[in-house]
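The following pair of complexes shares a single chain, chain A, combined with chain B in the former and chain C in the latter.
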Partner chain A sequence: MNLRRILSLAWKDTLHLRHDWWLPAFMLLGGAMELLLIGWATSRPVTNLPLMVLDGDQSRASRTFVSAVMNTGTFVLEDYVRDEVAIREALARGTIYAAVIIPPGYAEQIIRGESTIAVLLNGAESIPATEALRAIEGVSSELGLAIMLERMGLDPQDVEGFLPSLRVWFNESLSEAYYTTPAELGLMMEFTVLLFAALSFSRERELGTLEQLLVMPYSRLELIVGKSIPVIAIGFIDFLLMLGVVHFFFDVPIRGSLFLLLILALGYILVELGKGMVISVVSRTQHQAFLLVLLVGMVDFMFTGYAAPVESMPAILQYLANIVPAQHWLEIVRGIMLKASDLRVLWPQIVALIVLGLFIGTFSFRYVRRALY
Partner chain B sequence: MAFRHLMAVARKELAHILRDGWTLSLVLFTPLLVLILMAYALSADIQHVPIAVLDRDRSPASRTFVAQITAGDDLELYATVEDLGAVEDLFTRGEIKGALIIAPTFAADVASLKGMPIQIIIDGTEPETGGFAVEQIGRRAAEFANAAIVNQLAGAAGESLQTIDLRVRAWYNPSLEPRVDLIPGLISLVLAFPALSAALTLAREREHGTLEQLLATPIGRGDLLLGKIVPYIIVGLINVILITAVARVWFRVPFNGNFALYFGLSALFMFAALSMGVLVGMFMRTQAAALALSFLLLFFPAFFLTGIFFPIVAMPEIARLEAMGLPGTHYAIITRGVFLPGVGIEVLWPYAVMLIFLGVVFTALAALFFRKKIG
Partner chain C sequence: MPEPKPDRETTLVGRNLVRKFGDFTAVDGIDFEVHRGEIFGFLGPNGSGKTTTIRMMLGLLPPSSGFMEVLGIPVGERPELIRPRVGYMAQQFSMYRDLTAEQNLRFHGTAYGLTNQELRARIDQTLDLTGLRGRRHVKTEELSGGWRQRLALGAAIMHHPQVLFLDEPTAGVDPISRRAFWELLYEQAASGITVFVTTHYMEEAEHCHRLAFIRRGRIIATGSPDELRDRFEDGEVLELAPSDAAEAVRILRRARAREKLELKEIEMYGSLVHLIGPSVRRKKRSIMRELRKAGVNPGRAEIIEPSLEDVFIARMRSAEHD
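For the complex of A and B:
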């Protein structure tokens, strides 16, 4: 190990970046900007879903129901229609997500307590459809309760106590940015580090300059360390910038220790670096390295719980999720930022990251060293 | 434009892909593998959500209530705790997603119809499971309250509190199973992978210094650009067949439309997506930079903005505009339309026109910038 030699190699790689200034510029600023846009677009409740109404009753009761549905804010009224054919067509075209059909005689039925309202959903997009159903169900049970109580001669206030009170911890205002942006932040950093690390040796190999590097008086260790430094630096700066975006633009608090978060971010970068380095030496071209990053990154993404909760996956996948560093990392980011978690709470995740890091690091170092010929 | 020239470039590019089996299998199977993984992970039903119960009443009524709440597969009684501090601790550790607090007056209040003093707490950092827990607890609590009220009010015996009966029918996907519509949606995502590869090809020629050689040949710029795209269209279309087969046979997603139409529209999508890839890659001198840029401009937006996970209508104006410029948005609508309602060209033509339009615009821009930057 010779520090000067390592730094000279790191400097050479940094020069590459400067020569191709688009690369760091896009990775750093572009990442933050993209996070801004994506966070902004996805961190809001589902609204504006087009809804069709077929009001066969045209009574005060039916209009009350429709306006209560519109008041949920989930929908925009696409149209009042006269028959089901129009609804059928709109559903097939995918121009509406839901339709409410109120039968003739609804006003009388409701007094007898046996009214039916049909709800048609566009199952071709189940996420907004589920959201739409939730809103309509809420309206129907609220209205239903009110009507029932009126019929029984009870004051609605009497039974208010039967509604459970709800409290949301760590995210009192139910801001969606709170749970989407920290995860997006963690994931984008992972992709950045993996990609840069994966390109480090595959690029030299593809361009035929790896042999030149190998005949220089660098030891294998020096080569690996020198190649790693720019990757770590970029990953970390990227993280800082994106953290700034999440904190200042989306007002997501950092309730725990910022220092701990930064230390762990650095540690996590090292773990992903190990994976990226292995990809970088098994690939003969940058194209291959890139495709492998995509594959590995997407597998990680699936196990982070961002898109679907890990508890609901099949048991085998749940065990597998434990060996995915990104999963522990997201737990840490969310914990420190939103729950003010400290070492006392986060130690299992940290230990898991350290164990995985040691394992991946040792394997990757030995593998990369052997592969560099 | 000369067809012979175009094919020559395409043949050369195809040779790059076929030359070594590693690249070929990666290009062919990455989309398929990612689709299978995502389908498995995303389509699981939410169940076994761990909750804690703090029962301050300890009456037979409250115990019955707790038993009723945790009877199903969806909620799992993770712990019965003694005080709020323990609840907070479990939440901070992430061991529970929801908690149910029962007040000391529970049995008395329910019996005298004063109300049901319970509180539900959820973890706001994981709203999906938290919201699910609230829904399930709320539903069972309402049933419980309903039974209690009906029991007490002898005059209303046998009635239910629910006067409006909602008859819900979800078309094309009766049980609203996410797998059924997410898989067609995801196809548009994984088929964007070849576009990422295409973004690399021009940058590769520049990085290796072979672009000048290509330019010195009588091959026109349009031929060169299209020739770079054609092999990846072929790869993409092979993927379409593989993926449709897997979706149909393995995941049992219904395919109600016309496959020939779908295949043709897929070709249009590949054309649009790949010309976007080539355009993005055009500005970069190295593959690394082309990659970084295409990740930002092709991959992340394809993920979040094409309406697969989040409906486009609910996005802000600017994001919606960006979504309209992404071929994946239109293709996602096409795939879902062909797979589930099984609609034909009479419904899908606007999206097909948009794909052609985007493809032509991207190719034209690429040719324009090509002349300026390189030619």
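For the complex of A and C:
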């Protein structure tokens, strides 16, 4: 190992960044911007879903129901309409997310104990639809309870219902930003490291400079180390920058040890570096490297628990999730930032990362060394 | 014509080298030996196996079978001992285009283990040698072809290698730059560097001390340019300067097809025509008659020394018939 030679390679690769400035710019600013947008977009609960109402009854009871729905704050009244055709069209066009249809004679129906209110939801967009469903269900059960009490002739004041004491830990205000931004932060760093690592050799190959590099007196280990230094540096700077955004712009706390978080970030960078290097020698062009990174990133994204919690995935996928480093890393990020987790809690994730890292690292080093004949 | 400097010390050896890519045999059992201070040329058409041979010698490509030695060390055994003593200039420009000439040289020099002091001196030396001093801060993507070529050569020799591999170094470079480039090469060879160069330019082949004609992965002839000319076995070369060279070639090929003339080669060289065959001298009269009959003035006609190109083409043709 000749340190001077290795640093010279790292210096040379850093010089390329001045030419390909859009690359670090995209990774650093793009990541931060993505965070800002995600943070803003998800920092508030779902509100203002356009709603249409067809009130065929025009009674006090029907108006009570509509105003109860509106009081949830989830909806904004788009229009009162007279026939279902308008509703069907509006749903198809996507101008409304939900519609309430109250049949004539609703008031009498409740008294008889039968209700035929119909609520239509736009299931094509599942997140707003889920929110809408939750709001409607809330309204229905409250109304249902009220009606029941009335028919039993009881005063609501006299009835002590079942009221569990609900407390949300770690994210007291149930802010979406708390959940999404640390995930995004971890994921953006993964992308940055993978991408830069993936370009390291594929770039030289595409530009026709790889053979010149290979005939130089670098040992294969020296080449890999020299190429890794800028990737690690950029990945780490990227992480610091985005951590700053998450913490200062979105007030997401760092309740655990910042030092532990940074050390583990560095460790995680090394794991992803191994994956990126393999992509880098497999790809013949930068283009190909980009696409492979996208593919790997998309699979990892699935296991972040972002789109769906890992715990509710099919058993086989939960099993597979264990060998995805990003999954353990995100547990660590969330754990340290939101739950003040320390080594006693996080050791399974840390051990998993170390094992995966050793495995990926060994394979990667052997593979890359052989590919760089 | 530079004099070859045969030196007993052998720096490059290839024995029964074979390289296959699937069903295709790119290099098909070649043997060669190159001595210290020699400029050894590999002359052959595109796809004949020249680049494959160089890449194997550099350890970039493992051979399918055979043996190679560079500076007495078997290739593939101790790459760390060979690499620092070898320089390589690829066919494609392989300096970093977004770096300046000086940054490229700095990277090269450091990679080859030059200390800071040495580095400064060598960079200046190389910039002077290649005439790039005034362009040291220019990004190489902004340099013209000739300058790039010289920079690449400068980088390849700045660590004072003992062997220099050049793969079609002057492809696409203007004649003046090419001349300057070869002058640089001679200086290197004179100082004891062994040069292994591939080319498909005849004039460039003339510059080599020794040549190997390579065709479809096989060496079909070796020797100095003079030796190759002397051993020319296909007879004599008659050069004509007819009023219409293209028409003259057509007429003579037709006559040959009717078996009125026995000629091995009838080739156009610009406005001249070269006729090759056994005792062409005695057929001069009938050739002239044939041309006049068809209304072409045969012009001056004389027996000349075969050019390297004559030799090369005749060799390639006869290898084809075998």
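Here is the rule we go by: the second predicted complex is superposed on the first by the 366 of 373 C-alpha atoms of A that agree within 3 Å, B and C clash if a C-alpha of one lies under 4 Å from a C-alpha of the other, contacts with A are read in each partner's own complex, and residues count from 1 in each chain.
FYI, a contact is a pair of C-beta atoms (placed from the backbone, for glycine too) under 8 Å apart; a residue touches a chain by one contact, two chains touch by 3 or more.
None of the values given here were measured: they were computed from a predicted structure.
Engineer: Label the relationship between chain B and chain C on chain A in the superposed model as either fit or clash.
Structural biologist: Overlaying the two structures gives chain B and chain C room side by side.
Engineer: A:M152 contacts which: chain B (first), chain C (second), both, neither?
Structural biologist: First partner only, chain B.
Engineer: Go through the superposed model and pick first if A:V215 touches only chain B, second if only chain C, both, or neither.
Structural biologist: It touches chain C, and chain B stays clear.
Engineer: Looking at the overlay, does A:P50 come into contact with chain B only (first), chain C only (second), both, or neither?
Structural biologist: First partner only.
Engineer: If you tally the residues of chain A touched by each partner, is the higher count for chain B or for chain C?
Structural biologist: Of chain B and chain C, the partner in contact with more residues of chain A is B.
Engineer: Under the stated touch criterion, which partner chain does A:V252 make contact with: chain B (first), chain C (second), both, or neither?
Structural biologist: Neither partner.
Engineer: Of the partners chain B and chain C, which touch A:L207 in the superposed model: first, second, both, neither?
Structural biologist: In the superposition, A:L207 touches chain B and chain C alike.
Engineer: When the two structures are overlaid on chain A, which partner does A:V69 contact: first (chain B), second (chain C), both, or neither?
Structural biologist: In the superposed model, A:V69 contacts neither chain B nor chain C.
Engineer: Have a look at where A:L143 lands relative to chain B and chain C in the superposition and call it first, second, both or neither.
Structural biologist: first
Engineer: Go through the superposed model and pick first if A:L15 touches only chain B, second if only chain C, both, or neither.
Structural biologist: second
Engineer: For the combined overlay, can you note the least CA distance between chain B and chain C, rounded to whole Å?
Structural biologist: 7
Engineer: Which residues would you name on chain A as touching chain B in one complex and chain C in the other?
Structural biologist: After superposing on chain A, chain A residues 20, 207 contact both chain B and chain C.
Engineer: In the complex of these two chains, what residues of chain A are touching chain C?
Structural biologist: 2, 4-5, 8-9, 11-12, 15-16, 18-20, 207-209, 211-212, 214-219, 373
Engineer: Over in the complex, which chain A residues touch chain B? Could you list them?
Structural biologist: 20, 22-23, 26-27, 30-31, 34, 37-38, 40-42, 44-50, 65, 76, 91-94, 97, 110, 113-130, 133-134, 136-137, 140-141, 143-145, 147-148, 151-152, 158-172, 174, 176, 178-179, 188, 191, 195, 199, 203, 207, 284-288, 290-292, 294-295, 298-299, 302-303, 305, 307-309, 311-314, 317, 331, 334-335, 338-341, 345
Engineer: Help me check something: in the complex, which residues belonging to chain C touch chain A?
Structural biologist: Checking each residue of chain C against chain A gives 55, 58-62, 80, 83-84, 86, 88, 90, 92-99, 103, 106-108, 110-113.
Engineer: Using the touch rule from the top, collect the residues of chain B that touch chain A in their complex.
Structural biologist: Those in contact with chain A are residues 20, 22-23, 26-27, 30, 33-34, 37-38, 40-50, 88, 91-94, 97, 109, 113-130, 134-135, 137-138, 141-142, 145, 149, 153, 155-156, 159, 161-174, 176-178, 180-182, 185, 193, 196-197, 200, 204, 207-208, 283-289, 291-293, 295-296, 299-301, 304-305, 307, 309-311, 313-316, 318-319, 322, 333, 336-337, 339-341, 343, 347.
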